[in-house]
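Each structure below is given as structure tokens.
You will see chain A twice below: alongside chain B first, and alongside chain C after that.
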Partner chain A sequence: MAQPSFDRRRVNGPEESFPPIFPDLPAEPLVTNGKRRDGRALNDVRPIFLQTGLISQANGSAYIETGNTKIACAVYAPRQLKNAQYSDVGRLNVEVKFAPFSSKIRRAHLRDVEDRSIGQLVYQSLLPAVQLHLFPKSSIDVFITIIENDGLESCVASASMAASTALADAGIEMLGMVVSCCSAINDDGIWLDPDTAEVKASRGTLLLAGLPALGTITNLWQAGQITSLDALRCIDACHERFKDLHDVVIDALMQSNRAKQAQALS
Partner chain B sequence: MSSLVLPGQPLGPSAKGSLGVYVDSNGVHRASLIGLFKPDKSIMIPKLRPNAPSENSIVIGTVMRLSSQQASLSITVVDGIALPHGEDYVGVIRQQDVRATEVDRVKLGDCFRGGDIVKGQVISIGDSRSYYISTARADLGVMFATSEAGNPMEPMSWEEMYSPRDGTREKRKVARPTTE
Partner chain C sequence: MFRFTSSTGKARSNPVYVQGFDNKDMDWDAETNAGITAPGETIVSSLEFMRGHGTFPDGDEVAATVAGTLQRVNKLISVKPIRSRYTPEIGDLVVARIVEVQPRRWKVDANGRQDAVLMLSSVNLPGGIQRRKLESDELQMRTFFEEGDLLVAEVQAFFADGAMSLHTRSLRYGKLRNGQMITVPPILIKRLKSHFCALTCGVDVILGINGYIWVSKHVKENQQVGEEGFDAESVYSNKNDYIDATTRMAIVRVSNIIKIMARYYYPISDIVLNQAYDWIVENDYELKDLLNEDIGEALIAAMSTTYQ
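Right, the complex of A and B next:
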């Protein structure tokens, strides 16, 4: 690129420059012998680390890690509704922000369209579970920060679970714990909890969120090319995993309770 | 033996108490909070969570604004639990709710001043902007105030406070001090 003008006040770079040339490496196959690159089977989700109490200034908080995806969630509730509108049920506000360094391509500092649409999805997953009628004139604010993003659908799923755990940690009355699982469909079959490369190689994705304690579904999001029969198969595959995910959430809450009791005694 | 219960967990049909328990569409009693399920079938919440003010809660707040019709309060303590810093609720004490007798002859300037710490009771959750608070009881009203010179004042009677440091007396609607 030739510099159009030579600026004497500044230290100038070279007048002409060219981008570096990277050799084309052969892409690592996504599946070998029925196992994915990280050793998982097709219907395995990534191991989950979930812990509460990360953010001390919030009423409740949770941090979740699955594979490379890292998400922190803070809940501030109940707070007085700042809007002029009176309502005799509470309002749930979910705000999601991808950190600028979270994905391969740098993101904007301000919330953009994708942040808002992910926030809307998490809101839809959580809304039926929160007993808003017990919080008149109050707002329940959930702030989700995605520190690292490895798979957009898995971000939504993990964010919903972290938010539900943080709400329980904050002492907000709920109908049950929300768990969420995502899947990608390919000609090979259905892959659960796909990461970024696997989503890119798939035809379509499907995300399912629900309350296993009550056996209900709160959200279903499908993207890409999926036939109705395939969609039903994806739903079944995700639903089968709900019990394991619920056990993870329960375990995290019980551990946090034990830690709080130990702290109270000391 | 109390056991830990989590939201959504089914409790026995004899679970009682409305706090932390709800009934789902199939009639099953379930927990709605993380708590201890005590042998007497009620839920105890180990963590003291700050609540939004509800009817009949006792609140403590600071007087922010004063007019001839009402005093505006920044509520910081609800039912004995302090709200997190920066999260206050807005309450309003109307002229007719300041005391129980002679309600139309109340002069708000003789009852409250800006910066007073007031204990009140919520009479209604009010409208979009504020909760309605009443101090019409002997033990409700100004708990702590400073005189015009800035010195702390002690209660003298239900309508007067006295500052020992500068000797001034000022009129307030004073709360009867409790032993706790």
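Right, the complex of A and C next:
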């Protein structure tokens, strides 16, 4: 992505530059014998690492890693709305930022359209879970930094889960933990949690977010060409993984809090 | 948000349905999840129990909305979040910082959900003179408290929107000087008989229930409130007294102990601070090494074994 405008306050690169040239290697097949390149089955998600409390200044925070996707999330909440009219309900703000080095092509320092659309998707996933009516006059600020990006859909899914974990870590009242799973549809069938190359090779993608504790879904995002029947199959495939993902989120929450609690009560 | 009809059941990781709740000391299900709920987790049947803070009704059941510990008062079930901002109660002693001077009031940061308010009518005049606040007082509000000043106050009342109103109408409250402030999670500070603590090492500590702690030079017996040496004129002074090197070291030592306890989530009280201070002096640790991880761990281990 080209720099939107020349910023003389930063250290800018040279005026003229050329990308490195890589030899054209024969492309690795995405699927061999029903296994993907990292050895998982089509309906497997990548292993997840999720931990809370890594950002000490924030009221709550979470860090998530799924394969190469790495996301840090900080929650500052509840904060008083400054210079704003009185409102009975709180306001949820989600801000997503790509680190400059997060993608194959270097990102600009400034926020671009993609950041905002991902922020909107995460916002929609979280909104039904957060009990905003309990936070009059306050704002709940969620800051998501994408440190490494391998599959935009998996970024949205991981960011939603990290954000709901961070919100719980901050003590924000929620109806349940938000989990999210994404899928890509290809001629071979449905691939769960696709990475960048798999998304590229697919016909379309579908993302599902929801609250397994209530059995409800909060967000559905479909892109590309998918028939309605395929879309339903994708939803089912994603939904099947919800329980596992929920376990991961709850476990991360318990691990952190349990340690603190044990000490607080001793 | 709509119900997901194609799913057969609800996914619940830890169904902690509580039968009867007959254990008085709340150690139900202690092995499996240490009594901590997760958001969306079912706790009890709503037919048997009333629901309090941190819960919501989910059909016939009560479910938690926060990650926290279950608390029960008779038939009332509530969940206390493990990490949250300070929830004020009237009469609480808080340490706070002025953020804004407004007409007839100061806006104060007291670690709550909203900024607290300190009305001009609820502060003492220098010298303890009793009279109504005049327009002239309003014009010189900055001579009492300026932006960034630290103070100790009591929660007096709440406004309609839940913001707390503070007061400093006692000579023990007011501007803070001769020390430093440390911030800890508010849950670590238990309610004590007195939150003004004079440690044996010659350092005064004010344990604000909002998680702000003030560590300062000891005020001598004869200079305390109501004694002869008490200087009523200096209550709004911005100048520190002379603090000698040993007192400075003691202040930093106590501050570092508090930081260690916050890091390991250890409840803080004057007794605990005295014990920790003695332990550090006994083991002859250098001041600059105190925040090392191994010393912190050793301190917490010693506190939980020897001093229980």
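Operating definition for what follows: the second predicted complex is superposed on the first by the 238 of 266 C-alpha atoms of A that agree within 3 Å, B and C clash if a C-alpha of one lies under 4 Å from a C-alpha of the other, contacts with A are read in each partner's own complex, and residues count from 1 in each chain.
Definition applied: a contact is a pair of C-beta atoms (placed from the backbone, for glycine too) under 8 Å apart; a residue touches a chain by one contact, two chains touch by 3 or more.
Everything numeric here is computed off the predicted structure, so don't read it as measured data.
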Partners on chain A (chain B, chain C) - clash or fit: clash
Have a look at where A:P100 lands relative to chain B and chain C in the superposition and call it first, second, both or neither. neither
Partner, of chain C and chain B, that touches more residues belonging to chain A: C
Just chain B (first), just chain C (second), both, or neither: which does A:P47 touch? neither
Chain B versus chain C as contact partner of A:Q57, first or second or both or neither: first
Which holds for A:K243: it touches chain B only (first), chain C only (second), both, or neither? second
Please indicate which partner A:Q85 is in contact with in the superposed arrangement: first for chain B, second for chain C, both, or neither. first
Determine, under the contact definition given at the top, whether A:L253 touches first (chain B), second (chain C), both, or neither. both
Check whether A:Y76 is in contact with chain B, with chain C, with both or with neither, and answer first, second, both or neither. first
State whether A:G224 touches chain B only (first), chain C only (second), both chains, or neither. neither
Contacts of A:G176 with chain B and chain C, given as first, second, both or neither: both
By the touch definition above, which chain A residues appear in both interfaces, chain B in one complex and chain C in the other? 59, 78, 80, 86, 131, 135-138, 168-171, 173-177, 211-214, 250, 253-254, 257, 260-261, 264
Footprint of chain C on chain A - complex, ascending: 59-60, 78, 80, 86, 128-129, 131, 135-138, 164, 168-177, 210-218, 235-236, 239, 242-243, 246-247, 250-251, 253-254, 257-264, 266
Chain B contacts chain A in the complex at 4, 6-10, 20, 22, 24, 30, 32-34, 45-47, 49-52, 84, 87-90, 125-129
Chain A contacts chain B in the complex at 57, 59, 76, 78-81, 83-86, 131, 135-138, 168-171, 173-177, 211-214, 250, 253-254, 257, 260-261, 264
For the chain C and chain A complex, residues of the former touching the latter: 1-4, 6-7, 9-14, 33-34, 36, 38-41, 54, 56, 58, 63, 65-69, 81-85, 113-115, 161-162, 187-188, 264-267, 300, 304
